Structure formats: C-alpha cells, structure tokens
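What follows is a structure written as structure tokens; I'll ask about it next.
Chain nomenclature is as follows: A, B and C, assigned in order of appearance, with residue numbering initiated at 1 for each chain independently.
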Amino acid sequence: MPKEQANWSPYDNNGGSCVAVAGADYCVIAADTRMSTGYNILTRDYSKICKLADKCVMASSGFQADVKALQKHLAARHLIYQHQHNKQMSCPAMAQLLSNTLYYKRFFPYYSFNVLGGLDNEGKGCVFTYDAVGSYEKVGYSSQGSGSTLIMPFLDNQLKSPSPLLLPAQDAVTPLAEAEAIDLVKTVFASASERDIYTGDKLEIVVINADGIRREYMDLRKD
Amino acid sequence: MNFMASKQPENSLLGLESDSQRTLYVTCLISIELGSSLDVRYPYVTGTSVVALKYKDGILMAADMGGSYGSTLRYKSVERMKPIGKHSLLGASGEISDFQEILRYLDELILYDNMWDDGNSLGPKEVHNYLTRVMYNRRNKFNPLWNSLVLGGVKNGQKYLGTVSMIGVNFEDNHVATGFGNHLARPVLRQEWHENLSFEDGVRLLEKCMRVLLYRDRSAVNKLQIAKITEDGVTISQPYSLKTYWEFSAFENPAQGAIGSW
Amino acid sequence: MFRNQYDTDVTTWSPAGRLFQVEYAMEAVKQGSAAIGLRSKTHVVLGCVNKANSELSSHQKKIFKVDDHIGVAIAGLTADGRVLSRYMRNECINYSFTYESPLPVGRLVVQLADKAQVCTQRSWKRPYGVGLLVAGLDESGAHLYYNCPSGNYFEYQAFAIGSRSQAAKTYLERRFENFTDSSRDDLVKDAIMAIRETLQGETLKSSICTIAVVGVGEPFHVLDQGTVQQIIDTFETAAEQEDPATEPDAATGQEAAAEQGTAADQGGSTDEGAAPMDI
C-alpha cells in the first residue's frame, strides 16, 4: 500500500566538519556540534569528538548511528587492551585499530569520516586521516566531513607543509605554536560555516599536550 | 517487497548526494546480494509527530491519537505514549505495530530488571541506549523497526530526553520532535523554550506546537494526549481536543482569487 | 585402606547427601594464599597475600580489575580465577555497550555463581577451584561478595578466604561493627592488619601483599607498593612509640591466631559431619 517511503536507505548523512592539526608537542582536534539531516537541524549541541585514550582523540562526521557504533566499539576494544596490557593504547596503535575496524566492515561500511589526533610515544603531535573503509595516512594536519572541501585547501595554503614526495621524508608536523594553531582552527571553522550549511552552531576544540587534555568552545553561526 | 526488486530512481540513487556516498551504497548492495535476503518492509498504519520538552520538574510529551493507513484515517484512539518502568516514558511515531512490538521488548526488559529485586533499576538513559541498540541492529539486518522514538524520564533528580530514528540516529536535547514536528514544532520550541518552564507553561507550549501541527499536518487529528513524567512517576492525560479557528475569510472559499484556466 | 566410593565424579551423590567433588573444590580454595575484603558504606578494600612458588619465581597476580566499579581477589587455582575474571570483564563490557551504565555488582555475582553451579551438575565438567571476593560499587551502595566453587554466593561486611584466613576472619569479626562508618584510609589500614594476621610470624612487607580499593569517586585500582609500605610503616612505628608494652601482646595474639589458623586448616578432615558447602 503506502509507497511514499518505499526507498529506504540504511544510511543518512548527518553532516559536520572535523579538523586536526599536529604540532611539535601538541595536537589540536576540532569539530562543530551541529547535527543535521537534509535541511533539518536535529540538534545544535552534539559532540563529534570522542576521547579514545589518554593521548588519543577521534573526531568523526558522517552517519551518526555508525559513528556512535564505531566509537562504542573502539571504547570496548580499548578497555580490553587495558585489561590485557595494563596501559593506555598509544595513538599510532589506535590509528591502526581504527583502520582495521573500518575495513572489517568493507562491504557494509561504517559511513563515517574520521580524523584521529594525539601524541605519539615521543610526545610529538600526530594526525591520522581516514576514508570510510579504512585506508589511512599519517599527516601533519587534516580535515574531514561536509566542510572539508572548504577547509582543506585553506589549511594547505596556510600551513605549507613540506611535500610528501620529498626525499628523505620531511616531518609533517606544522611549525605553528599551540595558540596559533588554535586560532587557525577557529578561523577555518568560522569560514566554513559561512558557506557550508551542515557546519555551524558551536565549535568544540580539544587540545592535547604534555599537560593532558583541554577543551575549548567557540560559538559559530546558527543559520 | 523485495528491496533489490524496487526500482531505483535514476541518477539520484536513494537521494544520496556525493559520489563517495554512491559508491559506498553500491558496494553495500553488492554485498547484500551475495549474502542474506533483504527484508525491508514498509509501514502500514502510522502515527504522526511526537513532541516533547523538558520543564522544571521533568518531561512533558504530546502526541495525537490518529493511526493512518496511508492517507486513510484508520484508527482514532491509538495510544502512542507509554510508561516504561518507573522512570521512563516512551512516545512513538511511525508504524504502530512496530511500536507495539517494541513495547513487548521493553515489557520483558523491565520485567527481568524488576525480578532481580536488588535496588537497581534501569533509568531513562539505559532504556534510551537499549532502544538505540535495538533500532540500529535492526537497520543492520535491513529489517528496520519503522519508528521514530522519543524517550523521556527522570531518575535521581536527573531529567533525560532523547530520541532515536529508525536507522539508529540518536541524540539528547532539551526539546525534541519527530516527523513533521521537526519542521513545524521545533522552530516554535527553539524560540520559546527555557529551562524553568512551569508545568502550565510547558503544557501551553506543547499545545501551541500541536495546534500548528494540526493545522498543517494532514495526518494529524484533533484528539491528543499529554503525558508528564517527574520523579513521582508518569501521568498520561485523558484524550482531549484543542480549540481551533477555521473561520478566516481566506478559508471560506480558498479558490477565490486563484486565477486559472478552469 | 578406606576408599571413598562416591567421589569419582561431580554428579554422584554420597548416601549422606554430599557431593564430594564439589567439596574437594572448596578445599582448593583453602590451599591458596589468603585474600581478604572489607567494606564501609562508601568503599570496599580487597587485600591478598602474595606467595611465590619458589625462591626463584615471582608470585602470581591475585587481584584483578574487572571494571571501573568492580574488582576481585581470588584464592585457590589462580588459572581458574583468571578465566572467571575474564568472563566478568566481558559481561561488564557487554552491559555497558548496551546500556552505557555500569553493571550492578549483585547481578554479576549471580551470573558468576550460576556459571559455577553448572560445573557441579555436568558429568563432563569440573568445578572451578577458586574462591572469589568480589568488591564493587553500584547505585545500591558498596558491596562485598564471596563466590565459591559450589555456586553459592554470600554478601559480607568483611570476609577472608584462603590459607590461614581464619586468623584474619577473627580479626575482622572483632572489628567489623565499626567498618560501616570507617573512612577509606582506616579501611585500608584494617585490611593490612587483617592480612598481617594470616602471615603467622612472617613480617609484614608491602612486597608480600597487594591492596586494592574501590569506592565513591574512586575507580577500582591496586595501591602501589610504595603507598602500602608507607601505611605499614606508619602503624608499625606508631605501635612501637605509643605503647611498647603492646608488642608482646600482639605477638601472643598472632600465636593465638596461628593456632586457630591451623585448626581451620585441619577443619576439613576433623569435622567430617559438617558439609563445607554451607560455608
């Protein structure tokens, strides 16, 4: 009988943008807090950032239900890791686990676009960027989600990271100081929310450094 | 209806927008073809919007009592809000039979919880999370429960209001609405809601939302209930109707002034 | 020589209505080094004695974190204890995956007891040879449970299991009425004192005991050796300075406790009539 909704899809795009910037001794991970579906805003205060370990934080956009499932799965895996090894997982280890977890669902993927940021074993900032099925790369900065097409070229322009083709390989971390990186991230989101309707409401910034994890918020456009 | 057999509209596969989304969806379809048979059904009898908000002492929720069979108003006394255990209240829009199935799951869940008789009980947060898992697992099996659910409750002085959609999208907020309510009620709520709403003001605000929905949502009916949950428990009002005013001159002959060839 | 006809497998009853295999499993708990637990309204403390198998080896871990709100101390077959604590960890993870809230302690204990019970009723299985003291915190407060191989479980204010645990039990019985309102630190102190009772002459050092705490605002964790040694030092010096006369008293107390301890160890064979399952 009724057929208005016959074309059911198991996916939705709930929008949102994520950015991560790594520095010599810090990492900044940021995402907006808007959650949308189509032209509707579902809520203006939904955190896309998930603390996975003491020195490892993930920001994800895409399909919220998949993102939540992914976060819970990783949280459970991390608990098991802690029970077995009596320590927190390192950021590069979590990066590999995230990749494997995504690829495990290669043929019914988690529709989630992640950036993972944190400190590596030497205390240096690191950022890993992913696609939905698990291919990933260690970079100095990255952006994912609905506003990434606006944000990424801006970051490329501002951060002028050494080409990944250079030999010998150059360090990918940005030359900025922590405060400068936070400012850059704020600017980048203020700009993205001008043109991307899925980005806005509020910006959540997580800063990881030797002192631990710190959170900051900034208001964004609400329209 | 077999999902694979359904004809996809050309160019915009399921309305997905970007290329990456499309590729993802196609890969997923391929995997499904190889694996289990699909079981996406469609709704028969549906209820329309649920609107809920936090107020000073707890949660208020409103839903009308219509059950639509497509565009036919098939049932006129469907209760779409039910208490779940001591601390929670569940409202549903979408397929009525699926909602009643969910109520059976929850009855069992609460029964087993009570049988422990150990001073622990599932609060609204736990029930909401459980429902999220149920909805998401069913979408993973391509056999969704065709509902949008609203869960409100109070436990240990903590107010809770959350929602889950049929594919598992879930969040908490100070006010929520499903279906048409998202378009018509939430703008009103965003403008007028505040933390310290009294019970009377809360009811008035909900009635304002329900009246807007009644005027503009064709499947809404003028017979609704309002439910309240506080630390003291759930009360669901008797069905009642809202005062409406249709005598605006523009309503009397809507075609007047419309210029057409016939 | 007399040979028991009714103890070759778990599912055979003796005419006196006993299951010998299960009782033997209960005996295994008494062979293990001691573990103790005590609780106040807000905190639970677990303690255990670490005994190395040989001079050349390290000791085995006897206290396990299950989740932020639950931990166990074991006595008996450590290997079985590890299997059971892994099971408990899994249950906690699964529960919090579904409900995003911690699993109530009492419910986990019942699940654990049911698991142990199954092994007392299947011909192809063997009862777990381990006793578990389960410490935990949930919305109904702080809890301490004892789970035994028979599938029985009990809630306690304070309890001790394992070899020479009777001495610790005596200590705890003398003082348990004060525990409800004890501060966390006093509870830790009492835990160490109770452990000392089981040592029988051996001097108390942080290297031979492990202490763990869970409580309101304090996730389950094992105290590090330095902290434990500090606590031991404070009350050892306090006892020496304040009242040197108590020293010999304490010594006799220990001897008395030791006597009780040995009596308890023989208990299994002496009072044949009582079924140890009741304990």
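Structure notes:
Throughout what follows, contacts are C-beta pairs under 8 Å (C-beta built on N, C-alpha and C of every residue); 3 or more make two chains touch, one makes a residue touch a chain.
Quick caveat: nothing in here was measured; it's all calculated off a predicted structure.
Separation of chain B from chain C in touch steps, taking the shortest path, is 1. Taking each chain's centre as the mean of its CA atoms, C is the chain most distant from chain B. Top-ranked chain pair, ordered by C-beta pairs in contact, is A-B. The geometric centre of chain B is 50 Å away from that of chain C, both derived from CA atoms.
For this pair, chain A with chain B, the centres built from the Cα atoms lie 30 Å apart.
If you average the CA atoms of chain A and of chain C, the two centres end up 45 Å from each other. The set of chain B residues touching two or more other chains is empty.
The multi-chain contact residues of chain C, meaning those touching 2 or more other chains, are 97.
Remark: chain B residues 1, 3, 6, 8-9, 14-17, 20-21, 24-25, 27-28, 30-32, 40, 42-44, 46, 69-70, 132, 136, 139-140, 142, 144, 165, 167-173, 182-183 touch chain A in the complex.
Taken in their complex, chain C has these residues touching chain A: 65, 67, 89, 93, 97. Residues 72, 76, 79-80, 83 of chain A are the ones that touch chain C when the two sit in their complex. Residue ranges of chain A in contact with chain B, taken from their complex: 1-3, 5-14, 35, 37, 40, 42-43, 45-46, 63-65, 68-69, 106-109, 111, 131-133. Residues 116, 118-120, 122-123, 125-126, 129-130, 133, 156 of chain B are the ones touching chain C in the complex.
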